[in-house]
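Dumping the structure here so I can ask a few things about it.
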Amino acid sequence: MAKIADTLQVDYDEFCGALAAKDLQPLWKINKQIMPQQPHPKTLPWLWNWSTLLPLAQRAGELITIDRGGDRRVLALCNPGLNGMPYTSTTLWGAVQYLAPGESAPAHRHTPGAIRFVMEGEGVWTTVNGDACDMTPGDLVLTPNWHWHDHTNAGDQPMVWFDGLDLPLVGWMESVFFELYPDNLQPIDARNGSERLYGRGTVPTDREEQSLHSPLLRYPYSEVSLQLDAMLEETGLEVTTLNYVNPINGHSALPTLGLEMTRIREGASTRPYRKAGSSIVVVFRGAGHSVIDGQRFDWSEHDIFVIPSWATVEHVASESSDLFVTTDRPVLQVLGLFREEYLEHPQKVTGTFEPR
Amino acid sequence: MAKIADTLQVDYDEFCGALAAKDLQPLWKINKQIMPQQPHPKTLPWLWNWSTLLPLAQRAGELITIDRGGDRRVLALCNPGLNGMPYTSTTLWGAVQYLAPGESAPAHRHTPGAIRFVMEGEGVWTTVNGDACDMTPGDLVLTPNWHWHDHTNAGDQPMVWFDGLDLPLVGWMESVFFELYPDNLQPIDARNGSERLYGRGTVPTDREEQSLHSPLLRYPYSEVSLQLDAMLEETGLEVTTLNYVNPINGHSALPTLGLEMTRIREGASTRPYRKAGSSIVVVFRGAGHSVIDGQRFDWSEHDIFVIPSWATVEHVASESSDLFVTTDRPVLQVLGLFREEYLEHPQKVTGTFEPR
Amino acid sequence: MAKIADTLQVDYDEFCGALAAKDLQPLWKINKQIMPQQPHPKTLPWLWNWSTLLPLAQRAGELITIDRGGDRRVLALCNPGLNGMPYTSTTLWGAVQYLAPGESAPAHRHTPGAIRFVMEGEGVWTTVNGDACDMTPGDLVLTPNWHWHDHTNAGDQPMVWFDGLDLPLVGWMESVFFELYPDNLQPIDARNGSERLYGRGTVPTDREEQSLHSPLLRYPYSEVSLQLDAMLEETGLEVTTLNYVNPINGHSALPTLGLEMTRIREGASTRPYRKAGSSIVVVFRGAGHSVIDGQRFDWSEHDIFVIPSWATVEHVASESSDLFVTTDRPVLQVLGLFREEYLEHPQKVTGTFEPR
Amino acid sequence: MAKIADTLQVDYDEFCGALAAKDLQPLWKINKQIMPQQPHPKTLPWLWNWSTLLPLAQRAGELITIDRGGDRRVLALCNPGLNGMPYTSTTLWGAVQYLAPGESAPAHRHTPGAIRFVMEGEGVWTTVNGDACDMTPGDLVLTPNWHWHDHTNAGDQPMVWFDGLDLPLVGWMESVFFELYPDNLQPIDARNGSERLYGRGTVPTDREEQSLHSPLLRYPYSEVSLQLDAMLEETGLEVTTLNYVNPINGHSALPTLGLEMTRIREGASTRPYRKAGSSIVVVFRGAGHSVIDGQRFDWSEHDIFVIPSWATVEHVASESSDLFVTTDRPVLQVLGLFREEYLEHPQKVTGTFEPR
């Protein structure tokens, strides 16, 4: 090994300066910050009220047209902890999208995967690779990685839906690709075709089986709700959760997003719990509150809130409630990073969140 | 290496005798038989007419009671090529089972996996590990490996269903276990519960995911039929096939049995085809004929026929037909033994099968 | 449902005759036999002594030439319980093969998968799809499903190896295909190539990953023996077992055969144990005895014995011993049929096996 | 749907202000930035010369002691494009670590997974969960997610190794956990134990099979080098690459890091290529240059450089060279985000990188 260069006989400060000049940083100055004993999320727990979101979405509908310049009328839920980045957590994009009667959002595709969860409205469909998927409240529609998609409101009332994307994660991996479709809208080959092709456990024999995303693109609320009833009845519990999965392999419907619906009976609550990874909760139905790391968040229908990584959370339903939850859990699981724990005692409430 | 024993200085015939005396056989005398260039199945193509099966099943209903001695009123379809063994092919057991109004077949379980495909009747359920699965014509009900099951006819007419089992294969592996339930019937915990718990792509979060058999136990014909319509429409073809799969992993609903429904439009036919492994075909609906290795088999509703390994087969539907097919394909696939090929030209018909 | 035919008003015996005439069998007459409470194997526990096998193999070497007619000089171990079928158990073929100096066994391929485990001799290689795999005592060489293989003895002494095949199982599935290579021997592309291409956890990036059989074709005893030493040392136990696996996916090296080596220290014994599925044990090194369902089987170097399904077995080593074991376990596991249990107490010995 | 609030009759600028006040951002102002047509990485291609790194590492050895405060003497390679964050790319941490004779780096564990690739020195081991893994130049040692690890230099010369971690990714997922071991060093249970327990395709039967990281912890260069020779010989090519994999399942040795060694013969070059995801290249042996998006980077032994996502790259070896490459590829693949392409023509060189 070469001898130590004499010219480096400088004191410690000079040495640190020499490191910086060579694009190097000493670990010993930053290790507590980058290797904390447990996560110190920048993501803050936060809540957006529907009473705020809806009028702003409607106002956007009046002020902003959808055309090839803008493409989508979307209000991104920006976590105040993330220094102005338009993300709801460090891994999840959450937003509300507004589509007025007669409008269409033009066709494009991108590597970030997306889900649409309908909050209000009727008469809209999203066309995904030629399959027009009808949207009614509570329905989930997937627009997986690199699938063409456009949205058409053929009804007489506006629709508002929740957009969930893995965009922050894909952006951080510097792997975002985007492409406009040659025409404004795709031709429609089928209507709710994926749903008709994937029954309860029966699948066409002529399909490729190894796709990472679900070939089933629409998960209607009408069926989800019946299933949640059956699950509550079968288990005799007060709370139950289902996953939206790929019927070909049982994995999450998208590889980058966990998608769940939790039903809580009136008056019931969930056990205190924390897990690695963040979640965005859309209150589809009901009212109640959640305690997140000791802070109380009151919610009612269509409010949206975010739970940071490793935050302790309990949900309490004052009315029978359905919570639609988008997470980064499949990513953490497949990388061996997921961990979770239930806590024995309910949290002490030390404050109440005041929405802006 | 030891020297050659002088006492073995015998001629070839004596040598072969010496081998036999020591429980050895010379490969060179049997290699053409045990290693043929392509399969020479003992399984013969064969057909059982419904017009024969039904009266015999009814007569069995008059003559044979179901009790703890007998357990099941089952007529096994015995392939004449198998030297009296009660099997339909070397890997598959096929049979018809008859259950009169008011009867119950008592609860038991066994390692061979079974399926029940309803041919005629109403008002019956099969209880599988406590879940009462209703049976109407065309429905498929699973009773997987080592699951308790009993059958109850609470209606006012007899039911006849097709039983498909992997019994020959499990028997050959000397791995059959069997157990009687302590009581005559299981208590019923749910009715069609598995069906209510597994929607289209949504699954409970609290279940074990790694089971080799499907948690969904009932596949109603009403849904299967709609899906076949959608598949014919989407592809624009004359023939389509769906698989009955495990909604948790997309594999065959049972690991030992392939389960398919093929719909053929009136006047259409399938391409000549052969594959490793055997199949039992139940004609659920329709009429037509199949050509198997040059022999014509005419069939109509509820007839049952068997196709041997590597036999070339074409189906021709004179009426719109639904063929329910049970195979050993998942076993061959998972062991790397499956092979198949389509042939270019229709077969020449060299004879017609005459049912006994 | 049609009415019962009056012409069937016959008594029970006539009815059974009517069934037989129509290729049907009543389950109630055979159910105890085909659905026993636990396996009643036809496979008998049996042992072939090396002192018998070797002279007969040598004698076969004198009497039988290897040519395109015969192909292989193989003595099959025929279980006396199997009615003359040339199989060691209902799923496994075991045999000894003898190749004299200067001889070659010509190239062919077949769908049954095979393994070769060298018992005695040097200077031989098996060429598998062009890769010449050297064979020395204790080495395992694979000839997977549908791989070309030939054997060449370029040394000056005969070799005897153990052949293990899944032939009974594949035969029962009526899926045996066989093909002669156009020439007597394959050209050799590499020597021990697969071994050089698959290091300890490092693999070429340009290979297909999904094969059901191992791309590694040779497992030398020299490495196996060192690993067994390390395993005994690390665990501090008296008995240890390793599996021969596919380095690409960790599954058994062949999908149809389980392949294991068990080392037992001098004076040690294994716990009483039984499992579904059968095993052929080649005593590679050492001496001792096994108790199988109460019967004592004494063994020494190069003896071969078979353990039936669900038989209780204990091995006792009077010298340090290496047992090479071939099983059907991967098949049972992948079909959900595998079960095993350890028993608390050593078996009572009720008799001793006397080799013929 | 509720009526639009009259109080929101403001113009567009006021509207945008209202959004910001409510933690919302309009997508139409940021969509081109967050959804570019192809990745616009912040990660810059960059190179650190060994002639710079080594003296600074040596100087750190003189100035900085290793104790419980600092733990590790590490110089992080900080990409100048990342605004001062101590990361080599947005997903990868690269660094050099210096351990003087007689020193030990104390035991800890963390959820980020790490690899150590030895550049210079002898006489060091890393103890991973009790298994002391010897380190010599070119060896790869894993310290997987949440495994205890400490480093001990028992030799008489300093060691420098390359550290590769998934820390940026895990940090972005807000899932970093860290824990100090109760003592300074772990007790040593085995020496190179994992290596002795995992032969070429033979594995202990008593291990859990489903771990996401490799049970094999050490991949010695001596074996890697022989395998690269065999691969070059077998393929007849000028360039070859092997992966470091988990011998239990053939996946990458760590789920979050791709680990490869590429050997390029003297005078040979690689085809122009680009892929999603970034790479850090350690020049273990040889000399040459790489062209990255038209810019030439000259390198010789022990230099380190980084390749951003979707950058086109060619390597040209003026001497026979071994490049050890750490990537995020397994993450992109498992999420369905990996894409790659080969380009037809060599790049035009438009500039040369001048190291600072």
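Order of writing sets the labels: A, B, C and D. Residues in every chain begin at 1.
Definition applied: a contact is a pair of C-beta atoms (placed from the backbone, for glycine too) under 8 Å apart; a residue touches a chain by one contact, two chains touch by 3 or more.
No experiment lies behind these values; they were computed from the predicted model shown.
Between subunit B and subunit D, the least number of touching-chain steps is 2. For the pair subunit A and subunit C, the distance between C-alpha centroids works out to 52 Å.
Averaging C-alpha coordinates per chain places the centre of subunit A 29 Å away from that of subunit D. In whole angstrom, the spacing between the mean C-alpha positions of subunit A and subunit B is 44. Under the contact definition stated at the top, not a single residue of subunit A touches 2 or more other chains. Contacts between chains close into a ring here, every chain touching precisely two others.
Shown are all chain pairs that touch, namely A-B, A-D, B-C, C-D.
On the subunit C side of its complex with subunit D, the touching residues are 190, 193, 195-206, 209, 214, 216, 219-220, 223-224, 226-227, 230-231, 234-235, 240-250, 253, 260-261. Within the complex formed with subunit C, the subunit B residues making contact are 1-2, 4-5, 8, 12, 15, 18-19, 21-28, 30-31, 34-39, 41-43, 46, 48, 52-56, 58-60, 62-64, 69-80, 86, 89-91, 95, 110-113, 120-121, 145, 157-158, 160, 167-179, 212-213, 255-256, 276-278, 308-310, 328, 331-332, 334-337, 339, 356.
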